[in-house]
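My questions all concern the structure below.
Chain nomenclature is as follows: A, B and C, assigned in order of appearance, with residue numbering initiated at 1 for each chain independently.
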Amino acid sequence: MPGLLSKLLPREAGFHDLFVELAENVYAAAQAMVVMLENFSNPAADAEKIKNLEHANDTLTHKLMNKLNRTFITPFDREDIHELASEIDDVLDLTDAAASRLVTYHVEKIRPGVADLARVLVDATREMLAAVRVLEQNDHVLEHCIEINRLENEADRLCRNLIANLFEQEKDPVQIIKWKEIIEVLETATDKCEDVANVVETITLKNA
Amino acid sequence: MPGLLSKLLPREAGFHDLFVELAENVYAAAQAMVVMLENFSNPAADAEKIKNLEHANDTLTHKLMNKLNRTFITPFDREDIHELASEIDDVLDLTDAAASRLVTYHVEKIRPGVADLARVLVDATREMLAAVRVLEQNDHVLEHCIEINRLENEADRLCRNLIANLFEQEKDPVQIIKWKEIIEVLETATDKCEDVANVVETITLKNA
Amino acid sequence: MPGLLSKLLPREAGFHDLFVELAENVYAAAQAMVVMLENFSNPAADAEKIKNLEHANDTLTHKLMNKLNRTFITPFDREDIHELASEIDDVLDLTDAAASRLVTYHVEKIRPGVADLARVLVDATREMLAAVRVLEQNDHVLEHCIEINRLENEADRLCRNLIANLFEQEKDPVQIIKWKEIIEVLETATDKCEDVANVVETITLKNA
């Protein structure tokens, strides 16, 4: 079977490798977030690692977009590829946003259950990376998309419980403001994995 | 005059019926929200009804997107139809988000004026359903879009007043956090009706 | 060299002038925001000025979209132009949202540093206007885009510091809720300038 991205994109352009690299950085950042939340001994250093991955992806995305804009493909395919890159990038932007808030807000102690939410993000980004890796061969792509959807529902459920607990247990409104935002930003990162899965699904179905 | 959606979409595919069903569920959810806010005797049961409509629309949207991706239409038309379905769905997602927060946040008493905001959402979703119903015949579609725009401005005005009152009357910051979010989520649902109206307007004008 | 927008759009349609007018209003609103924050003697009157510019842009955008939908250009180009107009408009919507909150929330005194954030918005909207003005001739367009990206990073850094200071210095949670939102809305206005820069860059590269 001919490669899926190759049908859309000239092989020599190296688009597939750029996409895999982008998704690898997102997965690495999610893993760093779990380490950060589990130890919380040097949050500034952990946040710095995630920030560096975010900068790396900014550069990669810019490179990819430029390559894309200069490549002769149909506008329609271009839009899909553009959206795919942009939404993969969003996942890392939100992971970075959560990490930097943990530092800026001078969080002292991680609330119970928040690391679980980050673990779901690790699972979702691992599936996202897997989907991007097999997109070229169109090999069981949709199975990864279905799993991402399941994980997003799981993150949604966890987020709702975390915020219900926050309102029940925490009496300091300032702590509520800070933690509500951190939890919601982490959950939105998983939402964005689902957006990536939807684009991947669209690309797959259109090129079936 | 030839049907508008039929020009874009093969008639046998049944797209028009799916769109109407989608919009009917959104309208039903907005009505359930008003009932929930007016009585507030069994919020969990009311939220459950809205959640069921949300699940039904998830299934419908997925069906519609699959059908769309497998149908031979121009990419451009496909994008419009895709956006229309996705934005109709967003209105119900936000209605559900408001309903579930009323339960999760253990709200005890509905603040005055909030039901008025939900009534504007009912009006806007009724117009949205009407617009979708006549889109096929392109019969006075734009009149419904104009009315949705008017209702969105009305919701915006109500929302601003509700939040101003909230800050003036409520002294408990935790109540402010909870209610500010519920009010804003409801208002965003009406914003999304306006996004639907904009897509409908675009489809209508392009196919005039 | 042939004009860039003229390649996309019929010259007689007057699209270029509409875009320039749209961007001029955005720039004027950002300047009015700085005046509002620096004096804060009659916030309601200042907010009214910004609101009037926002209404003017709503009318302009509607006119532009109608013209666009009735013009024979490729769907792909149409999408870009549509997105450009819509994102320029978003910058002013957010400026207006910040201004109206300063009034509705009965803010009494402007926090130190907030006017600096608005000054970065003035710089970013000035560059945005410059980019729109030279887009037709494709004359050093990308230099303005790069400068907007730099300003967005600057706004991001200022916003983070302002919110860190807010949590450290302000003890009243209600003040934290109000100011956190006003600062974030202002920062999002600058984010939107970056979105405009990205569309401008895409249009430029595709038509190089």
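The definition used in the following text is that contacts are C-beta pairs under 8 Å (C-beta built on N, C-alpha and C of every residue); 3 or more make two chains touch, one makes a residue touch a chain.
Quantities reported herein were computed from a predicted structural model and do not represent experimental measurements.
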Degree value of the rotation bringing chain A onto chain C, based on Cα positions, nearest 5: 120
Interface sides of chain A and chain B: same vs different residues, half threshold: different
Approximate Å spacing (C-alpha centroids) for the pair chain A, chain B: 27
Chain C, residues touching no fewer than two other chains: 75-76, 79, 173, 177
Contact set on chain B toward chain C in their complex: 74-76, 79, 160, 163-164, 167-168, 173, 176-177, 180, 202, 205-206, 208
Chain A to chain C touching residues, read off their complex: 65-66, 69-70, 75-76, 79, 100, 104-106, 173-174, 177-178
